[in-house]
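There are two complexes below, and they share chain A, which is joined by chain B in the first and by chain C in the second.
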Partner chain A sequence: MSPKLPEETSSMSRKFLTVLASTTLAGLALAAPASAADVLFLAEDVPAGLNYDGPAAAIPTSQTGMVNVMEPLVYYATKEVNSEGVSIPDFGKFEGRLAESWTFDKATLTWTFKLRAGVKGCGGATLTADDVLYTFARAKSVSGAAPIGWFLSNVGSIANFTPAVFGDKEENKKAKVLGDEVTKVDDLTVKIRQAEPNALFLPVLTIFGLMIFDKETMEKHATKEDPWSHNFVNNEGMGSFGAYCIERWTKDNEFALTANPDYYRGKPAIDRVVMKKVPQSSNRVVVLQSGQAQLAQSLTPKEYDSLRKAPGVKVGGHSGNQNLFVHMNFKSKPFDNIKVRQAIAYAIPYDAIIANGYFGQASAWAGVVPSTYPGYSAAAEPYKTDIAKAKALLAEAGFPDGKGLEAFADSFALSYVAEKETTVGPIVNAIQSSLREAGFPVTLNPMPQTQYGDRQLVKKDLPFAINEQEKPIGVDAGYATQLFFVSGDKGGLNNMINYSNPMVDDTWAKARVEPDNAKRDAMLASIQKQLMSDVAWLPVVEYKTQFAWSDKISGIGWHPDNSIRFFDLKGK
Partner chain B sequence: MSESLAVADHIEPAGADWLFRIGGAIVALVLFLAAFGPTLAPYNPTLTTPEVSSPPPALADLPRLILTAIVSKNTAPVHWFGTDASGLDIFSRVISAPRIDLTIALVANGLSLLLGISIGLLCGYFRNLGTEIIMRVSDVLQSFPVFISAMILVALGGRSIGNIVIALAALYTPIYIRLTRAEVMGQKVRGYVEAARAIGNGEAMIAIKHVLPNSLTPALIQSSVTVGFAILLTAGLSFVGAGVQPPTPEWGLMISTGANQIVLGEWWPSVFPGIAISITVFGFAVLGNALERRYAAG
Partner chain C sequence: MLLRTILRRLAVGVVQLLGLTVAVFFLIRLMPADPVSRFVGINPSKAAYAQAAKAIGVDRPISTQLLHYLGLAPSQGKGLLQGNLGTSWVSNAPVLKDIATALPVTLELITMAFIIALIIAVPIGMLAALRPGGKTDKAVFVYGLFAGSQPEFWWALLFVFVFYFKLGIAPPPLGLINPMNSPPPPRTGFYTIDSLLAGDLTTFFDLLHHLMLPVATLVFILSGPIIKMVRQNMEQALTADFVLYARAAGMPGSTVARYALRAAMAPSMTLIGILYGFMLGGAVLVESVFSLPGIGQYAVRSILAFDYPAIQGVVLVITAISLVVYLLLDLLHAIIDPRLAQE
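Let's look at the complex of A and B:
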């Protein structure tokens, strides 16, 4: 519920807005677009890098840069435009992008892609099979700081993309070289062979981490020390076939793009998009309301809520894959006790979080995989707030009224990303109050994003945390299972809670190579049932990815990476 | 000096006593809240209420609400200063915050006073290479911007109340060193020091027993002002995210949390703690000023 402001408050607010808008606009004057067909996009940052095999791949604004200047082989068809004016992809229907068509030979597990003819990149090069081979060879070289291309190829079971690539021994060096798993048939035909049947193959090709490079441009910027041009795409430009070309890129400030006139799907409707860094979300709100900017993202739920009533601004979104869950580390006592985890699950104030944390733009999450993903299975009885039941479970766990839990004070420090205080603050405060009512000695522990990420994903030693930033980009329940819940030694790369269950590991090993979709889905459902029963993650809500835009543009679309495709934008 | 001029020197400037009373009253109120604020708070300052982003009552409604609060004991307490985006009662947090802010300021000030006076006495009474080096180190410490230095120290040590206290103490110690040293240098050439020496007292004994008590006044007067600035610095550190952890009731943290809501028209989460800081710092500054005048007059 948003409060009704007294008249004097609104008046004061308007005066303040005027002053703030004036000062912020002065700073943006240089970035202002030249014509109505241009778009000024306000973001919390500009791309830190465009190399998906580097640390920038984890940064949302860098992903936005990548998906607008690069192009995948295949992508999802559009399903519909929802009631909020946001288009939604159809995860069951793939359409060709750089690939015009494709076939699959079950006997040899080989995919044959026919590439489009006459596709031109910003550097003037024309797409050929060599560009595809270059892309996979670069991924297999694991020469970047974060081998995302290799990881996705491995997840999609492309043959010979195995962990053997890691290391400096002779066999490792040989494994890093692209072999006959990706071959050129002719200038516009490529074959990719899988090692085993795996339904994740096409979904991983849609992800930014396997978008196709323009070999010619990339090799122009290669050096002896950097043969795969990581420095070039990290700092200077891009060689690819995307809808937009880089006009100017000033890190920490501005990322200006101009439409690629030779783009194979037609010249984009918006001639120029300037992505401008405005770190404070409240300033992005002010400038968008002033009409100077046309697009803003990463606002707080409260700011989106306030903009819904603002003249000249539209707000819309889609509950696609963003969610909030409670992370309890299985290696930290007392979270190894199932009763304690269940007690916490019953003490979470789900409705209050939806109402006060997300202003109604979220819904209770009844699973551990995004509910829009193929293979999702909802729990029959999702957790609901029931403090009495939480207390009873706590007593069963050996801690009546929380007595004895003081010994685990460090474990009950609820960690969250300090930089997201404005968004997460109301949520963690609500959780803390509710858990204290149930008897848990919870304290709050905001920490910098870098420290949070390091402890969660590298050291994996965070005992108790709120996480609202993990989204499986691979659109499949199996991808999420592989990434988050399979034991660490069996490939669970982001198994941040140190969960390990042989049933989950074994079932996924079978489901991974199961060609029959119905059987695969049944196996995935049994895995999800087990995960919910173990409270592996404590799912809280799925919230909308929201966007705010000027009513002078349209064409906002949601995508699994939550990045806007500027090609879809239209001016009015 | 004529008798009339001597009398004039002892006349306190007009209004000085008035300022002393104002400053003293504010400091007394802050001390009272530090002791009893959390007990008097109508809501737990760290637990949420169902009312989220609720504005304070309109001025016209205040008499009725006050009357209701006095007469009826069954109604839920009024959110006099409204609630923030989490539903935390701002009035309860504002009156509970002095316990944290003042504790940090007083402990940090006490530590720096103790260290500063000790080192200042040493450096003022015993002039040699060692004490000169100490003074130059102190000068270097003072040359850094206080706020930046505090941020660095807290970042190095970690975000905890203990580390904030240590950081503030380290930053304020050089002030007391310099003040005490200057006073000691003036006192040690006085006749009573010669007299003490003549009757056989050792230098350490003279320094501690005779010079120190006569050199304390400037540092003690300064401490009143320093406490005010320490509160301001603590709030500043919290505002930039280097201070205490949320949801600790602390004025700077409250301003920081509420700052983003101002654009949305919600001024109350940050304005009320801002007023509280201003009044408190004003109180300590005025008290220090009044004490200084009294000292100068005396």
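Let's look at the complex of A and C:
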């Protein structure tokens, strides 16, 4: 190797310095988006998986990933844009997405869907009836770790989607195969048959867990061990017909999407959306405020409140389906005593929670079903803070001034999810003070989300807890009733408080298959009245799902899964 | 001789790893929650629960699970012996792949921080010991009080606020590179090395720019204990007989200091090595503030989700790295103090 000449060395140094200077300047320009049509979205995490039958389906950020790269057959029409600039869906009006139109034959309980022609996915495939059949066949195979597709089909009473699919016996294996309940009429027509009338059929089709796969792309990634390509959508990509295509996906780090140029509703206004995991919510706030990100979510109510006055940033939201309630387990003494339950209901500091816990972005909740859901019925007389009345009820319950309650110290350990400490911490402290004033020996018991979930969903042994994470994904009062309040042996899957009332069970059994909506709503109202008088759940507040965004974009929409649809976004 | 020592240490290391693997396998199963519950949030029916339990293999007897994990049950699939750390229950990706993505981020961060901290802290510690009560010594005392008074998490947030939000000289705390740009093509997993291999100097300097603040935070935190260690060991060395003899023999101060430093560095290196091993997982708070997807964050996320295979994998890999670091330290010791090699 010949030695370098002085000029050469000097030229190299100059080159190095030029690159150094230019890159430093570029760095100082910081993370400004590459073009006005790019959006940097700061979130608490990125999708852990895109497989709705996979292990990550229950994680909110995974759902955000799914709804932006997949597409449903039908969805809700937009109702309005609220005063905060957030669009709200109309739960009473469905519009076609991948399905152009549909009809229902009451006699045979069969829905006929006409699919749109020329719909193209990111993989280049064109939508046909085979894609719909593939989606339902995959759901019925229950081959994933958490079979949500099957579950939603079952909730919507699609024929033959029964629990017989679970197990390894010969009859189970046969039950896993798609039969004549979902059939292809021609390339763009599909028929789906229900086993019984059920108003939940169209609502379940809007949910991420029944969005349509692109068979061609999915089958390209199938293997002998994994014929339904779970690994592909768990870890690598997606085969569907959504508004965005995956450019880059590094778990625990970032999820970069580019607009699908062939999207059937038109090419999205935002070319690129990069979802970046920023674990500290305070950092999401400062980066958004500095203008280097355009969208942020999962901030604390206090942070949203502080951003409301910040220049260049907008904050908005909608009280759609997020709420906070007190969970009292009927199997834990003394919560089996209705007077104790009522006493607690009168000792909750409702107004203080709204003002100090949610900075005014919440309202009192007079029911046990989200008030925006069809079939919701408000209680005539919701509970209000009245410590004197709480004390009187406690005395009536046999515990004057709380005497005798010390024997139930374990029951009064108020559990909540430790990861939500910044949001729930001030609220549980306010509840503890107020309940202590009324005579209840309340202690606080934060625990990891997984442990809370285990005790709530599986063991069902949490005596006393604050819950602010339940949002029924089926938009219907009946769905919420079945999920949370029907007895465990009658199909109440998430009856975390071990509530059992024959009136509720029997009325729901009739309402579930009632084709007349008015009659169904009346039955649901009577159920909700009973639930409120039993204090099955103690509803506290409904709070807003909020987002913060740069004033350089608009088009934020609220959806029941609380996930932003990037297609709705517009640049200014 | 040296080779025999290394081989013996490696053999002992393997036994240690095996013991730890088995211990961790049972310990995590004592955690107070059932990992299956996380899978059934939307459909918590008994059938769905059984399906999820089967999918992640916890429906099998615990002895079968252990043998499978160790790779001693070929009918169950590959295990540790076959180089398989299992599949994460959160990401559903192989744990080895997850760790191979996360570990280089942390190694890059803490190695840079340690190199800079050593360059700064060793001379300062030396000076403080050579002139007790002098300006450097006083400044070190004040700095020690300062740096040790708040957790690194607090300093990191403060640095972000001052250097990014107020002064605008640091990039936003959004990880290793500008999220709107593509990372360098992966070869080693270390972004800085990969960008150089790709000849992409723009990305390389962008990386350095993004690493500036997290590295500075760690240097600020790490320098305190390193200075103290060097100062203390140096003080001891300066009172040793050979220093007294050297001074009596009229050797120049700089030569005496060099002799003393050599003697002081041996115990200091041990502590620095332990600190490095600790920081592999201990940098988690700095990783979290600067959105760096490192091994610390991966470990915390795995623990909170009761993701057994990921927890086992992280413990195993961090322990293995710590063992290698300790072995290297012993070799370094032998170079600093040849008497050890003789023993």
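Please note the rule applied: the second predicted complex is superposed on the first by the 539 of 572 C-alpha atoms of A that agree within 3 Å, B and C clash if a C-alpha of one lies under 4 Å from a C-alpha of the other, contacts with A are read in each partner's own complex, and residues count from 1 in each chain.
The rule is simple: contacts are C-beta pairs under 8 Å (C-beta built on N, C-alpha and C of every residue); 3 or more make two chains touch, one makes a residue touch a chain.
Quantities reported herein were computed from a predicted structural model and do not represent experimental measurements.
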After lining up the shared chain so the two structures overlap, which partner does A:254 touch, if you call chain B first and chain C second: first, second, both or neither? second
Have a look at where A:57 lands relative to chain B and chain C in the superposition and call it first, second, both or neither. second
Where does A:457 make contact in the superposed view: on chain B (first), on chain C (second), on both, or on neither? second
By the touch definition at the top of the document, which applies to A:530: first (chain B), second (chain C), both, or neither? neither
Between chain B (first) and chain C (second), which, if any, makes contact with A:276: first, second, both or neither? second
Contacts for A:78 in the overlay, against chain B (first) and chain C (second): which applies, first, second, both or neither? neither
In the superposition, chain B vs chain C on chain A residues touched: C
Mind working out whether A:494 is in touch with chain B, chain C, both or neither, as first, second, both or neither? second
Go through the superposed model and pick first if A:287 touches only chain B, second if only chain C, both, or neither. second
Which parts of chain A are in contact with chain B and also with chain C? 20, 280, 282-283, 286
If we count contacts the way the header does, which residues on chain C are in touch with chain A in the complex? 32-45, 47-52, 55-56, 89-93, 98, 101-102, 157, 160-161, 164-165, 168-169, 171-175, 178-183, 201-202, 204-206, 209-210, 288-289, 291, 293, 297-298, 301, 304-306
If we count contacts the way the header does, which residues on chain B are in touch with chain A in the complex? 46-48, 50, 52-55, 58, 85-88, 241, 245-247, 257, 260-267
Sites on chain A touched by chain C in the complex: 19-20, 22-24, 26-28, 30-34, 38, 40, 42, 48-49, 51, 54-58, 142, 144-148, 151, 163, 166, 209, 230-231, 234-235, 248, 250-254, 256, 272, 274, 276-280, 282-283, 286-287, 289-290, 292-293, 419, 448-451, 453-455, 457-459, 473, 493-494
Chain B partner contacts - residues on chain A that touch it in the complex: 1-3, 5-6, 9-10, 12-13, 16-17, 20, 280-283, 285-286, 300, 302-303, 306, 352, 355-356, 418, 421-422, 425-426, 429-430, 432-433, 436, 443-446
